[in-house]
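Right, I'll just put the structure down here and ask away after.
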Amino acid sequence: MSPASSPSNVNRFHLTRILVVWLVLSLILTPLVYFVWGPNMPPGDMANNAKDQQFDNTVLSTVATPVVLFIWVYLGYALIFFRRKDASDEEDGPPIKGHLGFQVGWVGLTTVIVLSLFVFGTYELVGPNGAGTGSGSSPIWTPAGYSGVAKYNKLFQVQVIGQQWRWTFRYPAYQGVETTQLVIPEGVQIQFNTTSLDVIHSFWAYELGVKADAVPGVNNIAFAVAERPGTFQIRCAELCGPLHGAMSSVGVVVSPTAFNTWIAGQLVLHGEVIPLLPPYAPTYLPQSDGGLYDPGQDPLGPDLTLPSPAP
Amino acid sequence: MSQLDDTAGDQLVVDSDAHERKSVLGSYWTASRLFVAASTMLFGAGAFSYFYLHSLDNNSLWRAPGQRPSSFLSVPVLLLTVVASLVYVVVARRAERPGADGNDFRVAAGVASVMLVVAAMIQFWGMRRLGFFPGSSGYASVYVAVMPLFGVWLLIGAYWAEVLLARSLRVRWVLAPVGENADSHEAAAFAGSLNGSRLFIGFLGLLSVVLYVMFSVLK
Amino acid sequence: MTIETPVGEKVSGGGTPDEPVTTSLPSYWTRPNVLTGVVGAVIGYSIGHWFGNYVAADNQQFQGNGQNDFALTLGYLVATLGWLAGLGVLNYPIAKMLGHRPDETFEEDPRLSRYFRYTLDHKVVGLQYLSAMLFYFFAAGLFALVIRSELLSPTSHLLAPDTYVEVVGEHGTLMMMMMTSAILGPFGNYLIPLMIGSRRMAFPRLEALSFWLTPAAFVVLLSGLFVGGFPTGWTGYAPLAVQAKEGQDAYLVAFGLMACSMILAGFNIVATVINYRAPGMTWTRVPLFVWGILVTSMLMVLAAPILVGATYMALMDRTVQTALFDVNHGGSSYLWQNLFWFFGHPEVYILALPGFGIALELLPVFARKPAFAYRTAVAGMVGVGVLSFFVWQHHLFDSGINPDMRPVVMFTTELISIPTGIIYLVAVGTLWRAKLRMTVPMLFIFGMLFNFLIGGISGVFLSDVPADGVAHGSFFVMAHFHYTIMGGYIFAFFAGIYYWLPKMMGRRLNDRLGKVHFWLMFVAFNSTFLPLFAVGQLGMPRRVFEYAQRLQALNVWVSISAFALGLSMLVFVFNFLKSTIIDDKVELVENPWQSRGLEWTVPSPPPRLNFPSIPIVTSGPYEYGTGAGPMAVLSVPASAGAEGEVLL
Amino acid sequence: MTKAQKTIGVLIPLALLLAVVVWTFFYLIRWPPTVEASTRSAGVVDITAQTVGSIGTGNHPTWVSYLVRDSSGVWVHTTTLQVPANSTVHMTIYQFDSGSSLRNPVMNQVLGAPDATLDGKPYSLWTDTIGHTFTIPELGLSVPMPGISATAANPCSVAPCALSYDHHTVQFTFKTFGATVYTWQCFVPCGLGYLAGFGGPMSTFGYMNGVLKVVA
């Protein structure tokens, strides 16, 4: 900065000290964040999505570290050295109204950072893993084997049904059996079809890195590959009423063989209720408003509560 | 970017009345445009709902077959509003010219005000005689939600016109002020309000056309 | 609502503040005031509720669940109308319908009672706003303490599950809707005419009306607790909002009323800043605080109508049973999300820009240097305002809306960090080789710069779709916006109080207590919300009363810090009441901060008409160290007759 | 005014405000009464409840509700149950309400209670209309209770209902583990007049949902 009133060496003096402190701190902390903290960042590495999210968290934190450090170092430096010595000092500071180079540099630098973050984020989003989690009924970036047409779709289908206030799960490949626990085979590309029977919920399988809103009348698709056996926590991430907080459950990732035995057991356990279930469909619109609408004038006619497939 | 070389401050004499008049006129100009912008956003929300639900057509219930408000309801509202706004805008513009005779404005303001009130009344009266249930479809829902709001806006326009009419009746010179009156605060306020009301009532006319097209023309 | 300038009696301001008012004033009770307002509200509620029941009686569609939302909603609305009528708000519009001038003989009222009625003095309105906003803020804060008490245990123990969700909703809604005017209301209304050299507001009635709507909104919202509460949190997502009990009507009506208040305040402030600037107050001399408020007002005027529309539609769904949000009947639950966030995201910046304004306004004063890169700063604030309309769908990354639009939204969202970064550019530049005076207001500004940085950086995580996959809907989001809004906006709010109270009340808050307040608040705030980032990343969703055992230690820590945060507020309350009411008034230096600001060139508190005559601005507000003369000189009125005359 | 006067003038409103705050706080933290399970023998407890078509009180006479019988045999309007940890809970529920269908038929079946009996006969699935269910998702427990027929001779209209009215008796047992708090609810959309039938009583604590406190 160069107002005539101030000798530029004073500027250089302060600038060097600030930059040195900042540089040292950054050189120490930034690698620590990336290499030490990064691998331990949530949501862990149980599934490919989770890895993506962990990687994004790591990269963003790494980029953020020097930025935050600069502001903190600068503010701290100003507090110490740009402070008037004693209360009697009524003098004003140098009248610096701007510095074109500095302003352009600052805005330019932030722009570069932002643009690179955007490119990085978009790459991660369009990447092969479908890291976007809840991607609507016709996801743009899909794993191999996906097809919008059910019968050409090679992926392992699980339908997640939200209802006030619990999750249930349907396996279309197994007579459309509906279970109250989520069990998925390890190492298989899973396609979660999330939908809701009443209000908006959000299916959050934390360790799988899957979060997809369950919206009535919408089939919200998310993909994941669980890479090792274990349990993962399922929660509702969208306020859905008084028991929203209790709308949780524990999912399990098992080996494909163990899955087959499990699903066989489920077919026995829920066998007799399968005929009662509506045919498997992307969304269900239970033709009932609980009598909210004047029955005499409701276009949907009398109250039929059993879920029926969307037209 | 030094701000010292500005010499605006050298003349120390300010005609505070002139300053006040300029400010009043400007305030009306700004505020009336802001009001129209805000109204646009408000009814924009309605239009967005219309086209959004139309495109989704959830449960194939965007519109039950043949669902329309009766033309005996929609057409009179449209005509009354459009005619009223046209009359008002044209005459108000003439009234803004210096030395204009105020009587035609008084007549126009009265007529427009009455027509807008009648239009609003028809709209409200019609809401209970639609022949379809509000929740029977997305279309019905949007119609039942948006139109009463439109009626309220018609009443606002009618009120504005009526206020100017009443003022111009009580203070006869206010439409064509001369001499000392011309630089009175009173004259500035009235002129500003007149200009603003012209914009707003014109906007109402446009709005009624848009709503008519949305609800009675579009498939 | 008409937009009409107040036309009234000529009042001789004469510049002397203490000029005794000779006209014999009627007693307090013979004129509209708060009490008549309350009476009006009660009457209005009875009428509205009765009429609602009357209409519903022959309309089966309003019935069926033992609750009549129609009657309640109508009750709320007519009660608000009665409240305004009781305050005398409607006298003027009615007088105008008859072509009359309103009667303002008593406008010049020096008595304390003027603070309890509908008045045209922007300084009175400003102080009304200040006290009311502090009240709302503390009320909402108490709900937060209740929430933290519940979260001391991983299972439901203090509150019943449904009550917990109601309390969360009350806290969130009170904060997000009432606090929109926390800075614009008190400081915007009080200071803008003083800062731009005007003797009045453009539309003082709209201004006063915008204030008197806030108590109505506040009471209506709280009443929701006693008619079943609302389970939707502050975002009011449909269809849950359609399903909810009667308390939801309170939420919708209150939020709608507050939106109207925002719009009216916006009209008045934008018109004033654009048209009432004194001669010589060029756009490059407008104080940065005024710029911030101006952009905020524009956002309010353009965004709040969407909220009015959305709440109105939800009310229609609940009362006359339209099906806008019911997918079975051709509606969509995405509709509310789109409408709400199209308002909601600009609103987030409505809650940020005034804070920026205060920071940029105070930095030069206490750095004793000109504001660095003034024009860039203005560009930054305007840029934030414009961009804020194009980012709303980043609240819906996981919702399945337009998945193909997500890169675009991610782009616009991340773009916002450029203009936001400019705020720091100005701070850095202004502090460079400054002569810092670390007064209490400056402490709060430093606190704000510290907190808002963390808030902004965490925002980048939310704008990145994959990272948002973890953070969305979790306590991470919650910590993020508490850092931006409370850490930024509320800290700036307190900075403003400490800085401008000498101007507004002629009293200065105790410095030692102020420092205690700051340090306690700063430490407690960070110790409360920093761990919440971790809590969220570790898998705890928002608004839950049950969480994993492993998170209990963190949550207990957070709760204890939250109580400390509450304690710091007590320190402030004590300081505020002591210094403003209890202590005897001491004549303090007219300009305790040696600020160049135009508002400091008039006595504290300023006389009824601010300036004895229209000032002429001769230099910018931040000419520290440039040897520039005072910012403005008083004009010599053209005609002696016009001396000190202004039309109210 | 003297300082003392002003101080008092400040403190009195503050005290009033404080009173309002305290009152509101206690208004918020109120729970329905807790009913302790009556002990049958060591580690075995009994809970007796009934579900009624209309609790008939307050401003919403049409709401359905659970009632629980406390140790003194009084029917209490609550859904806050308390049982000891690591014990076997014998539930007996008298179902007086008529029925409708579920939003999600998977809960037509009895889950997690193999010994469930309906009017003395074991059952594992009910295909007809269902009055209410007693479901603790976290325990994997869900028991549907058939609705009484629409043509019942003497349906119970006002709670609490005496056993002389038409009803179904459902009995089952489940085990509790460590001390914690479970939430339980009914999954039949019986909030008449609310969207999806899950408003009103369904989302009001003390009616169709509650907690099961397991205490050590």
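Letters A, B, C and D mark the chains as written, and numbering starts fresh at 1 in each.
Convention: a residue touches a chain if its C-beta (ideal position, glycine included) is under 8 Å from a C-beta of that chain, and two chains touch if they have at least 3 such contacts.
What you are looking at is a predicted structure, and each value in this text was computed from that prediction instead of being measured.
Interface comparison, B-C versus A-B: the higher count of C-beta contacts falls to B-C. If you average the Cα atoms of chain B and of chain C, the two centres end up 29 Å apart. Inter-chain spacing, taken between the CA centroids of chain A and chain B, is 45 Å. If each chain is reduced to the centroid of its CA atoms, chain A and chain D end up 36 Å from each other. Chain centres here are Cα averages; for chain A and chain C they lie 31 Å apart.
Residue positions of chain B with contacts to 2 or more other chains are 1-2, 58-61, 133, 135-137. In chain A, the residues that reach two or more other chains under the touch definition are 97-98, 198-199, 217, 241-243, 246, 248, 285-286, 289, 291-294, 297, 299. Among all residues of chain D, those that touch two or more other chains are 183, 191-196, 198-199, 203-205, 209. If each chain is drawn as a node and touching chains are joined, the picture fits none of the line, ring, star or complete shapes. Counting only pairs that meet the touch rule, the chains in contact are A-B, A-C, A-D, B-C, C-D. Chain D meets chain C in the complex at residues 3, 6-7, 9-10, 21, 24-25, 27-32, 59-63, 180-181, 183, 191-196, 198-200, 203-206, 209, 211. Considering their complex, residues 161, 163-166, 168, 178, 180-181, 197-199, 241-243, 246, 248-249, 270, 272-273, 276-278, 286, 288-292, 303-307 of chain A touch chain D. Those residues of chain C lying in contact with chain D across their complex are 63-67, 142, 146, 155-163, 167, 225-226, 228, 231, 239, 242-245, 326, 546, 577, 581-584.
Touching chain A in their complex are the following residues of chain C: 60-61, 64-65, 156, 161-162, 164-165, 231-233, 235, 237, 239-240, 242-243, 321, 323, 326-329, 332-334, 367-376, 396-404, 406-407, 410-411, 414-415, 417-418, 421-422, 424-425, 428-429, 431-438, 446, 449-450, 453-454, 457, 460-461, 463-467, 469-470, 472-474, 537-539, 541-548, 594, 623-626.
The residues of chain A lying in touch with chain C in their complex are 1, 6, 10-11, 14, 41-43, 49, 52-53, 56-57, 60, 64, 67-68, 71-72, 74-75, 78-79, 82-84, 89-99, 102-103, 106-107, 110-111, 114, 117-118, 120-122, 124-126, 131-140, 198-200, 202, 204, 206, 209-213, 215-218, 220-221, 233, 235-246, 248, 285-287, 289, 291-294, 296-297, 299-300.
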